[in-house]
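Heads up, the next two complexes both have subunit A, just with different partners, subunit B and then subunit C.
Moving on, here comes the complex of A and B:
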């Protein structure tokens, strides 16, 4: 066994090397292998198969395994695909900017202005939305934002509106925020709370103004965590189909909606696979760029 | 320091607004589930239980609830077992491909659900598992095992490494030490992992929608109602789902917190 058990204390190792426990790799592999087999069969294999599927052909409504470029050429040459791509990328970028900006003052307050126990409670509250149905929350927004909905009813009391909020980009962004805001606040709060307080106090004592402290001290120190939060926000917004469909009106469709339309009406799984592969490549590029800039040394 | 107080007031007001934004849809959904108007708005209509009665009498909803319950419980068991073995491996062993090993396990939550849904749909069709309840269980296990692993791994890092070694020195083999020392120590984390993975599975709709075939789960039924038209039934089902998930999450949280508190009191 080349692997040294570094976490086990030495007195245990003495016994394992001489005793009956030593030659029992069954235990070790019984712990280690199940997840490898499971994720290999049901996570990696499906993804690889999907990439392969983008080269299959559909004949007489049946998918046949093959290796042709037809699906790729077809999708790449269509304007609606690129419109959809630009829209999805733009919306996800906008969502990331909006959510990161909206979340920051909240995370700042939770990280620096409240007690530890209040922060723990706030984070617990922020976890709750993850376990409530996202669909139901979006349906709720649909009713709240509608032309005769709650917000417009309230606005009409002070003589405003009605405003059209459904089937607009505004609606889509509200939906994306519903999905990503709690997670982004949690990640931002943790990365801000981990900053060494004495550095902030030092800046303050040296006469640095609060805004400048945020810009010159806090943001650079929390950079890694903040970029990770932004990457998660982008990934979630980019891959979500519920908000652009129900709140954004889906005209034109975003890439996830394109996948659903292609699969549910017409059995064109290979073409849907092309869209999915393009999405994966985009997300890998964004995540990689994000991580590279998060760990890049300052000043280089 | 009047300016500081002003700033503090502003920040707390802002924080309150953000929480209002986050919880408004949940609260309104619960309020509207008791509201008699088909298209609810302000001022509210009368109080009614008819949406609850409608879903209570709907055999499709019952069927979906049964499927959802079976799926969540199976997912919770499988994901927690896999997560435990993985967390223990990470805690106990060092090996060359460990970063790759951990990446393999922790990656699924970063892949958009719609992509996983398409990939799983195609793969299950290929290996002859399409449209069955077991396919939903398998897919949700892939998705939730990382959460189980993370929760149990956190608990293991609180353990004194010499506990297990002491058990070996007293003559227990690794299986016995696992059963008598590690698992009892991890029990609160195992219970929370069980509840949280069940809650995630109970709410997941994208993958379930693609691969469930005729075996619809509750979120898939919601999705189909929502696609049709405005129907406050959704709020009634949603409140029921909310209640179920919240119960699970609160159990998970309370179990973890009381255990940690007890240990702190014990040591301190």
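Moving on, here comes the complex of A and C:
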């Protein structure tokens, strides 16, 4: 019957609108709950525990709850800790500078010099390295960098080498780049490709030479994306354990290696926690400073 | 009289298989305000971009002051352009934007600053010199863009639909400002637009383009009153086009016979057509007279009223001719009120034969 047909949907509509009023707040909070639980369980809680742990003591190879400053005083007063900190910070900074510099011409080409389909393929190819375990990719460098490896074999033909590349800082940087270069190229490409082309043309139109346009117009326009890329690169390198361990020879140790060593030698979890907290604070500071400067309103 | 500043000599521009501009020949004089007008995709913006060096012609030559410009890169030309999007640098304030072109030319900081402020003052936005461009209104941004382009004192200014993002009132004000500026500076303005009102209000000469070709070049009045072909007649708006065959022709007039009757019309400057040739003529909607009874004169068309469009002092009537085609008439609202056409089903349209213009068929 037509009348029944008409009333049925209207009734259903009333129900939904009524239901929306009654259940919406619950639904809204239910939607937010997973991310809150996830963050609380796997980020906030471990972080609090780690900070707390840095004040615990180890007695007879057993960690005991306590609140002492001993771990902090000990780590902070040791030269090897600060040497390690300086090394890690320095290598991560150097790696970030090298990666950002090497990535820029590639990203510039992908963003401005190739067709859209070429750019899509290139981004796809840049994602492929992440299909393989990072550890596997690091081990594959052995074949290339070893004293009897590919590079030294080629150099020997022209009477050079062999050069020691494994277990050096150079090896560590190569490892960091393996981890970060594809990601940085992708991030840089996107931030460059989003630039309004008419601004670049306007610069040329006003007499700006192509090279000058890069630093007068393109870099300022892409600043946010480029800083985010650099922050990512630094964070990944600073916290990486695999490259300095396997390609850098772990001597002298970077902070992640120091954490492992501290835990292994005498179950010093609290002192390892001190190192970890220092690393966290450093990363927070770098990320915060980076993001603040990325979104800073123009000053002068 | 005036010297040619820019010459397009058989210029062709292709993008792959697509021909954007086809064998273009025309000259832009020094100190002229020229508008290039046409529907989107007609090649008007490509033409402008070739002038700025942002596109290179596929064939032919573009000469400026006699010098071939084809290979000259954009940053070595002095052909500043005002973009549709304005393309102001968001990371610079208004004054720094204006200074940019001077800085690229190696002008020292003090002179740069002085000139930039002079130009901002001249365009009445001096008080916003240190403001971020994002905090300026549409009209203010427009002025910053103009100042940025004019501060280097170029011989030519290129404008790519610069007013299309502004509201109607502001467009009128910017138009008068642009016209005044161009007269005062005496430099050439090349203004690309799809808007007839903008082009006709400002330009000394208008170039009408259609699918990569130039359809007509002339003063706004020429184009409005004597469209050269059907495309221009239709593009320019309220025109009626009637087809037929040439029945007889003298040096000055043509008699055209078609399904709607026999009409006498003006030949203008055009060569005399052959008897029997298919032809068309244009009669502008505002050049006809209406009456409720059949007038005793030539060029009469009996129509019925379909609808009317009231836009203030002028009313457009949409009539239907006996063959079913539409015929548009524009009259003053006050004249229409006196005529009392509401109660008649027949409306008679007549026009003087010198008002109708013969155009080529096709």
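In this text, the second predicted complex is superposed on the first by the 267 of 300 C-alpha atoms of A that agree within 3 Å, B and C clash if a C-alpha of one lies under 4 Å from a C-alpha of the other, contacts with A are read in each partner's own complex, and residues count from 1 in each chain.
Methods note: contacts are C-beta pairs under 8 Å (C-beta built on N, C-alpha and C of every residue); 3 or more make two chains touch, one makes a residue touch a chain.
Small disclaimer: the values here were computed from a predicted structure and weren't measured.
In the superposed pair of complexes, A:42 makes contact with subunit B only, with no contact to subunit C.
More residues of subunit A lie in touch with B than with the remaining chain of the pair subunit B and subunit C. After overlaying the two complexes on the shared chain, residue contacts for A:276 are found with subunit B alone; subunit C is out of touch.
When the two complexes are overlaid on their common chain A, residue A:110 makes contact with subunit B while staying clear of subunit C.
Using the contact criterion defined above for the overlaid structures, shared-chain residue A:207 touches subunit C, although it does not reach subunit B.
Once chain A of one complex is fitted onto chain A of the other, the partner contacts of A:143 are limited to subunit B, with no touch recorded for subunit C. Looking at the shared chain after the overlay, A:296 reaches neither subunit B nor subunit C. With both structures placed on the common chain, the touch criterion links A:78 to neither subunit B nor subunit C. Overlaid on A, the two complexes show subunit B and subunit C touching the same residues of subunit A, namely 210. If you check the complex, the residues on subunit C that touch subunit A are 52-54, 73-76, 78-81, 83, 85, 87, 89-93, 100-101, 104-105, 132, 148-149, 152.
Those residues of subunit A lying in contact with subunit C across their complex are 196, 198-199, 201-210, 212, 217, 220-221, 223, 297-298. The residues of subunit B lying in touch with subunit A in their complex are 7-8, 11-12, 14-15, 18-19, 21-26, 28-29, 32, 39-43, 81-82, 85-86, 88-89, 91-96, 101, 104-105, 107-108, 110-116, 118-124, 126, 138-139, 141-142, 145, 149, 161-162, 164-165, 168-169, 173-175, 178, 196, 199-200, 203, 205-206, 210, 219, 222-223, 226, 230, 234-235, 237-238, 241-242, 245-246, 248-249, 253. Every residue of subunit A that touches subunit B in the complex is listed here, in rising order: 2-9, 11-12, 15-16, 20-21, 24, 27-28, 30-32, 34-36, 38-40, 42-47, 49-50, 53, 102-103, 105-106, 108-110, 113, 124-144, 146, 148-150, 153-154, 177-178, 181-182, 185, 210, 232, 235-236, 238-241, 246, 256, 259-260, 263, 269, 272-273, 276, 279-280, 283, 287.
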